[in-house]
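The following pair of complexes shares a single chain, chain A, combined with chain B in the former and chain C in the latter.
Up next, the complex of A and B:
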């Protein structure tokens, strides 16, 4: 008899993440927070925004603020090139485009494989759900607490 | 013949005046603009929109304190834009208060500027 998938999933619960690379870092965002991925078009820079807001872009008749995760997490600076993608991230009423250099795809990650964020880590660690270790340090995936990240981004942007 | 499908729905339009500062193109509600004048050194500048290359022109607009003058490089003209192509600035972007929205064009978005608000945000600068 074939194993019952539902039983197997209960025995080893998994969570689905949208995974991508930006700069030298790999990130994962809970898939329910991602609406769509598209090629980055022209960005319109905005005056007096925080540095992690790269500007706005028009997509399907909507205007999206575009977030540079590397700047937000103080890990460098994203660059927009011909192969750069944006994904539309959403949580509650907040919608934003996020820069991704490479899309790694959807991955089902066993919850038991998710390690807690490093203790005593930098400010970026407070926006992580956890980390998944890879065969090398660069293969590891930082799983983002996307709800908290967008909430913080909005607070930082509006409070200025 | 009374074919309702042939009756075109009239889309409301707004006259937008397009102008350039440095390499950037911006738009503003043309009804705010009283006239286009030669600029003077004390006119309002918005360096965060770009570096003026010449800045020989000024958009003149009305404010409660009198006329405001915003230095620009080039005035591209006025075009009627369907309101369906205009969007308010998402509050999450946290942009300057004078950046009120965008005009969606085919491949780009043009930032819309509220001229009166530029004078409010720079009340110590500019001639009135």
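Up next, the complex of A and C:
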């Protein structure tokens, strides 16, 4: 849809990602999947939900679940501080909040720079679109297949 | 003369007697009765004074004549006898006188006489000799006393001479000692003078020290008041820094909100597609500015933290400086007191040294006078020694003379 339009529009195709850091991991989400960013604020814990659902928060009259990517990807646990961001991700009919320690910004990444995710990797690998190498290994960004990720999350939450 | 007088009369009598026979002889040969007279007279003239005219040879008529002549002869004989006795007594007296003169023997005068004519004379001699005896006895006694006195005088004079010599030696020694004393007192005076000088210098130094301590105390007070001002300033600075902190918090908050706003604006721009591209760029720029502000506020916060630590350290240092200056002031006060004590002590030392100097100078003068007096005394003593030597010589001579006098007097035997 949008990527195709972007590729068609440019001679040298690029894709815009909303890049952020949580814990030690850096992720990129296609910018069209991000509605808005605001401060995390107080979350209301929700009973009988998976551990990666940190709770719910109110946003513009809607109650949204807040996902902890680190827990979801089994990479630790996110902590909410005064500077912690929360962005609203949307894909299809699914709308959810995601906790990010820091927002790195919107980056336009050439499609040719996106490397495919390693095959046969861990649980995280199946939700990746690819990886962008940075100047150092720490600068590398994991580009998330946000649609698939949210669908999986929903399936897990409902499965319980 | 008086001795001759008894001779005169018999001589004239003899002459007259001799005349008579001569007259009788010239008258030619006398008759026999006359011959008896003549023979008797011749015998008497020859020396036999006992011869008498025998009455049987004279005749009648001649008896009366013989009796008269015999009476004359008796008288003549007794007169001659008396004359002889007197001559013997005179000889005896002369002998006594000669022995008196020769040997000084006054004891041998024991002459008595029955001659009424010689009696007063001899009695006079006896009185004279008795007087002489008394004199000799007294002189003897006096000579003995003189001798012993002369001996005593000699002894005393010798002793005086000895003691005078000793005195001279003692005076000489005393003079030497006084000379040494003079030198010693001069030394003492010099030392006291240098002590006084040192004390004066010390006094000056201690006064300078007192001034320096006063300045030190003033400086300490100044430092303390400065330290109080510094502490006040630090407190003010601390308050302002806190204020800056709150302001920075506000700025931080605003920057954070700006960051979010810019981010969301960028997302909006992104959703607008190509039309929102420029908007997205501006929003990204705004976001960068907000991030810069956040970095700056972070730096400011760090600085504020550092300043807080530094002001705390400065406040502590100011407090320590305050207590240090307080103890410095106390120490300065103690030092000032000590220096006051030193000043008083040094002042006393200086005064004492000056007094000692003065006293030793007086002592030196007095000692010089004593030395001069001792020299005079020595002179006098030398003269005294000389005189006592002369006196000893004179006493020795006197002793000899007394001995000789006693010797001489011994030649007169009074008893």
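One rule holds in what follows: the second predicted complex is superposed on the first by the 149 of 160 C-alpha atoms of A that agree within 3 Å, B and C clash if a C-alpha of one lies under 4 Å from a C-alpha of the other, contacts with A are read in each partner's own complex, and residues count from 1 in each chain.
To be clear about the criterion, contacts are C-beta pairs under 8 Å (C-beta built on N, C-alpha and C of every residue); 3 or more make two chains touch, one makes a residue touch a chain.
Keep in mind the model is a prediction, meaning the values are calculated, not measured.
Superposition of the two structures on chain A shows chain C fitting alongside chain B with no clash.
For chain A, the partner that touches more of its residues is B, with chain B and chain C as the two candidates. In the superposition on chain A, A:90 contacts neither chain B nor chain C.
Looking at the shared chain after the overlay, A:38 reaches chain C, while chain B stays out of its contact range.
Looking at the shared chain after the overlay, A:125 reaches neither chain B nor chain C.
Between the Cα centres of chain B and chain C, as seen from that of chain A, there is an angle of 90°, stated in steps of 10.
Of the two partner chains, neither chain B nor chain C is touched by A:109.
Minimum C-alpha separation, chain B to chain C, in the superposed model: 17 Å.
In the superposition on chain A, no residue of chain A contacts both chain B and chain C. Across the complex, chain C is touched by residues 9, 16, 18, 31-32, 34-39, 83, 85, 103, 105-106 of chain A. By the touch criterion given at the top, residues 24, 46, 48-49, 87-96, 98-99, 101-102, 104, 107-111 of chain B touch chain A in their complex.
On chain A, the positions that touch chain B within their shared complex are 41-42, 44-50, 53, 56-58, 61-65, 94-96, 150, 153-154, 156-158, 160. Put simply, chain C touches chain A in their complex at residues 256, 260, 263-264, 266-267, 270-271, 274, 280, 284, 287.
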